[in-house]
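We call the chains A, B, C and D, going by the order they appear; numbering starts again at 1 in every chain.
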Amino acid sequence: MTTDIRQVYRRLYLIRRVEETIVDIYPTDKVKSPVHLSLGQEAVAAGVCSALRPEDVVFGSYRGHASYLAKGGNLNAMMAELFGKATGCTKGRGGSMHLADARAGVMPTSAIVGSTIANAAGYAFGLRRLGTDAVVVSFFGDGATEEGVFSEALNFAALKRLPVLFVCENNSYAIHTHVSRRQSAQRLVERVRTYGIAASRVADADVLRIATEAQECVQALREGRGPRFLECATYRLREHVGPGEDWDLGYRSRDEALPWIQSDQVTRLGEMLEPRERAALEAAVEGEITAAVAFAEESPFPAASDLQNDVFA
Amino acid sequence: MIEERSLSQIDAIREALSQEMERDDRVLVLGLGVDDPKAILGSTRGLAERFGSERVMDTPLSEDCMTGACIGMAMAGLRPVHIHIRVDFLMLAMNQIVNVAAKSMYMSGGQQPVPLVVRAIIGRSWGQGAQHSQALHSMFMHVPGLKVVAPSTPLDAKAALTYAIRDDNPIIFIEHRMLHGFTGAVPSGEVLRGPGSCRVLRRGGDLTLVGISYMVPECLRAAEWLSTVGIECEVLDPVWLSPLDVEGINASVAKTGRLLVADNAWLECGASAEIVAGACEALGSTRRLAVGRVGFAATPCPTTPALEAVFYASAASIASEAFRLVKGELPERGCDLDMPREVREFRGPF
Amino acid sequence: MIEERSLSQIDAIREALSQEMERDDRVLVLGLGVDDPKAILGSTRGLAERFGSERVMDTPLSEDCMTGACIGMAMAGLRPVHIHIRVDFLMLAMNQIVNVAAKSMYMSGGQQPVPLVVRAIIGRSWGQGAQHSQALHSMFMHVPGLKVVAPSTPLDAKAALTYAIRDDNPIIFIEHRMLHGFTGAVPSGEVLRGPGSCRVLRRGGDLTLVGISYMVPECLRAAEWLSTVGIECEVLDPVWLSPLDVEGINASVAKTGRLLVADNAWLECGASAEIVAGACEALGSTRRLAVGRVGFAATPCPTTPALEAVFYASAASIASEAFRLVKGELPERGCDLDMPREVREFRGPF
Amino acid sequence: MTTDIRQVYRRLYLIRRVEETIVDIYPTDKVKSPVHLSLGQEAVAAGVCSALRPEDVVFGSYRGHASYLAKGGNLNAMMAELFGKATGCTKGRGGSMHLADARAGVMPTSAIVGSTIANAAGYAFGLRRLGTDAVVVSFFGDGATEEGVFSEALNFAALKRLPVLFVCENNSYAIHTHVSRRQSAQRLVERVRTYGIAASRVADADVLRIATEAQECVQALREGRGPRFLECATYRLREHVGPGEDWDLGYRSRDEALPWIQSDQVTRLGEMLEPRERAALEAAVEGEITAAVAFAEESPFPAASDLQNDVFA
């Protein structure tokens, strides 16, 4: 499998522009819900999902816009969800923190840090028992690796040799706390290997390297060679939650961000494309986003009588 | 025609598991020790041999992750039955049960049902102490998106477990260890019973006596004694605690004007509080109601038999309280009801 | 003489922490983000600078272990205040809270008290959804060995937190985010209030209205409206949910013959069930009682404002139900009570 | 610090004989409570506790007779507790699974696997803040290392450099399940090191090596050099819970036990002592046990009215 740069760029650009669109819309107060944006972190989901097929599934977190979009989640339904509309991907029930699109293989995301890691491992067990060669990707942050469920899931997945790729999006922060103030040693890859799980790390967010690593991992999963672990260093450019920048808060400096901004993967990959091709691709994405916002605006809110539906299957 | 065949509750549970696994190969059973020589007090005996180690799966000691993994399996299309030999261990799984299993269907706008059964056993027997004898069903009743069932008879155990496995929602199946040895008629074929109407186990016009789980047989013993002193109880077993057959219970209370709920659990914010509150909401404005609750003492569970004897509710304490609700005072000479045989004769070592 | 000084609830909480840390250097504050720029919605602002990073300690994302660690600290003689910006996260800490903190004193035969305060914030505001807006206090009320408090006013917040820090038992301190901005008179000196009698916030003879946490101001608004239609409510705030001032509540119900409990929580096995059951046990056999409960709809919490508006109880739904309990039917033209300002005007992003 | 073989043997012999006494008494049904015996595993608690001072504290599990006795917990009070008497170390409230003796530094044990590991870390934090150089030992089984709390506690203890010694009593089984069926890879020591925690393993249960290792660890703790981890391989000779043997159950073979029986540390250390000295020591211990059983027998049960006491402090 070789990486299709056009496809990767399409994902990168889509995520970037959707997030920027949300930033623009947010002050209107139409999105009455917290948003945890992926601005700056697009490369991880875009790179990893380039290795996936439609029947593969991803589990993510409240910071889930990127994996939703990279896996092919419906954009109209996502935008409508942010607006709290009945046409939203979860009918206005989940909002930004709980995006889901089962048809695209996007499983419900969770606002409890780490909780979907266990769900992902179980889903992988299910896929294997059901006899497919589809695989599962579990996206989570550096903070999630401190939760006990992470260690428990590594052991279970390795013990049962499950087709799950664990992807740690290490942006060095949990809210405002640097990883060095939360973790005694940053030797994650080494630790994961003690479970008998092959593990690697991409330190520079190079989306093409992430894609290549992911392809190799996913191939191993499909062949039944047990779970894999991939740590991707990355950087969040906006505040933990919300549309704004937060350099003024004092917990991190703009200088720290500079190398990440300079090596921005959206810019980099855009420049690798032939300009006309790039323009066409971008125009198409812009069109989709504009249409999605219009769709969201025009969609109705759910009726009050809808409250009681879907509590039970 | 329902064939007459007597089974213990533990065998009824095993039969339900085994028949459902036979019927649907998406069903799997997992938990600590499900395939070990003790086979969860016998309830999974033989299943591993029959269905293989991937469908009858011992697990690491990781309740949080394994509960989450069961949810993932359920989302993928399997139908896991996750077993815990003590309810108390569910405290490690609360995040996945309360925050994920109960909510995924709703949060996903109906995309993602979670057909999961959690079998959890209340550990009362003898000397189990504060961390191995709790009954925490009311915590689960509190959370929308979960169903909770606590059958008392072998028949209801088989029927409820069969229903639970086929239902597409997360269901907490509460067993009481002291009920495992009780026997009763259980059809060998398919039997299935979901939420609906509670069981009326005895008719009477003086008092409605609602028993939960292991308190059901104790209520029946109490009712028998009460009958000897002229008090006729209507004894109900809700079986399903959530959703609860509020109408069924209230219909009886409307007749008797008195309600006593006996739970093998603490009272505060317990199932007994819910049942009493539900009856009073429906009927309290139209008539006087004498209502009461009996359950665990408001302490952690002690280990010494000297204190266990006063910690637990029993036929005797139920009968006394029922007497008081009807006659306005405690029975003068107490009520001569023994400790039940299954408790008296229990031998360890666990 | 109590000095008149107005403080918001968030400032009252910070003042209690700060004064207790000043008074007793065994007191420490820990939790995710306690020393970060947002300082737990401002409630820990300045404490790290003043008391140092070992007494105001950010922690790893490890609720289970950190709760256990707090218990260990408490056993060693410290007095930790463990803070969670959402109650929902306590589901990861249930094992340590329910199985260890609540039971250590008893299981150790009185050797090992656990002076621990867990501050947990109910996240309602706007678009918080199913996992960031729950109110799970009834789960803690169910468990002997825990005390539970849910103050509604700045004064009670300061007084209860001060008491909780000095008390030798594990205490779950439930805050509601929508109450944080409310202001009221709070003495600048020591003020301390433990379980005892509930607050009577308004006198009236037609109905006893018990509000819990954020439902207290909503009950007061409802009572005002009800008064305009000729219904006089006695409004009570229990403040302490466990132990609960059952006598105080029942004394009022004995007078009014009617009880409505408004909780910002689910009803089933909730604090509202407990309060209703307690009143009916005490009074139901002597007189008719009209009782009711208002709270969350029996669904997970949705995010869209269109459904949030019907999910939550409010002054309007409280007033309607109160009207019904008194008059036997709903108010014909509804009750024209707005959404409260703090909800209406809330802006994110969190 | 050199190891006092007499003291170590005293601990070994005491534990062995108390457990054997319980085995003898159990059929009388006077101990109405589950017992998780340490027969075969005495060397771990005896060796480790030889490194401790009275003011140090230990946290153990439901399999806690050995650490209770090795740390100097009151024997009369333990025996009375097993008999459910008011004079028991927890007044009949905790039984075998929840022994505690605060005066001897034995903290309440727990029947929830792994739960005291977190308590131990917190206690160590407390000791440090209170300015003593006392240390904490956390005893737990191999099964406990699968619980998330174990990983969380390692990270917290290492991050804060707490004076806690984690001791894994690895008897290869959790109830009837062998560790190889529960853990994907048995590389615990290596994993613990990735947290920045110095870790070692004693593979043969040599009580004197355990003692030496523990002394070195405890010394490091007292000097503020951060937490330590010690894995001790050991073997349980009786059933998981209860007084009996269980070779017939089929989950393990008697052959597996043979090397452990042959290298039994009680026998070994006994033989290292001068016979007369040994006889005197053993006679003294036997006397204590006989007295403790008599004390337990003669003590009263708690009164029913005692039920409600001690719920709150």
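Quick note on the criterion: a contact is a pair of C-beta atoms (placed from the backbone, for glycine too) under 8 Å apart; a residue touches a chain by one contact, two chains touch by 3 or more.
Model, not experiment: these values are computed from the prediction.
Undergrad: Which neighbours do subunit A and subunit C have in common?
TA: B, D
Undergrad: Comparing centres built from CA atoms, which chain ends up most distant from subunit B?
TA: Max centre-to-centre separation from subunit B belongs to A.
Undergrad: What is the distance, in whole Å, between the centres of subunit B and subunit C, each centre taken as the mean of its C-alpha atoms?
TA: 30
Undergrad: Please report how many Å separate the Cα centroid of subunit C from that of subunit D, as a whole number.
TA: Whole-Å distance between the two chain centres: 41.
Undergrad: Give, as an integer number of Å, the spacing between the C-alpha centres of subunit D and subunit A.
TA: Their C-alpha centroids are separated by 45 Å.
Undergrad: Can you pull out the residues of subunit B that are in contact with at least two other chains?
TA: 59-60, 62, 64-65, 88, 91-92, 95, 99, 106-107, 129-131, 144-145, 298-300, 302
Undergrad: Which subunit A residues sit where two or more other chains touch them?
TA: 88, 92-94, 98, 110, 112, 146-149, 152, 155, 159, 182-183, 311
Undergrad: In their shared complex, at which residues does subunit C touch subunit D?
TA: Within the complex, subunit C contacts subunit D at residues 28, 54, 59-60, 62, 64-78, 95-96, 99-100, 104-115, 144-145, 147, 167-169.
Undergrad: Under the touch definition given earlier, write down the residues of subunit A that touch subunit D in their complex.
TA: Contacts found on subunit A: 146-152, 154-155, 157-159, 182-185, 187-188, 190-191, 194-197.
Undergrad: Spell out the residues on subunit C that touch subunit B in their complex, using ranges where they run on.
TA: Against subunit B, subunit C makes touches at 64, 88, 91-92, 94-95, 98-99, 102-103, 106-107, 129-131, 134, 136, 138-139, 141-145, 242, 266, 268-274, 276-278, 280-281, 284-293, 298-300, 302, 325.
Undergrad: For subunit C, which residues are in contact with subunit A within the complex?
TA: Within the complex, subunit C contacts subunit A at residues 32-33, 36-38, 58-65, 88-89, 91-92, 126-132, 297-300, 302-307, 309-311, 347-350.
Undergrad: Note which residues of subunit D are touching subunit C in the complex, please.
TA: The contact residues of subunit D facing subunit C are 59, 88-94, 98, 100-102, 107-108, 110, 112, 115-127, 129-130, 148-149, 152-153, 155-156, 159, 309-313.
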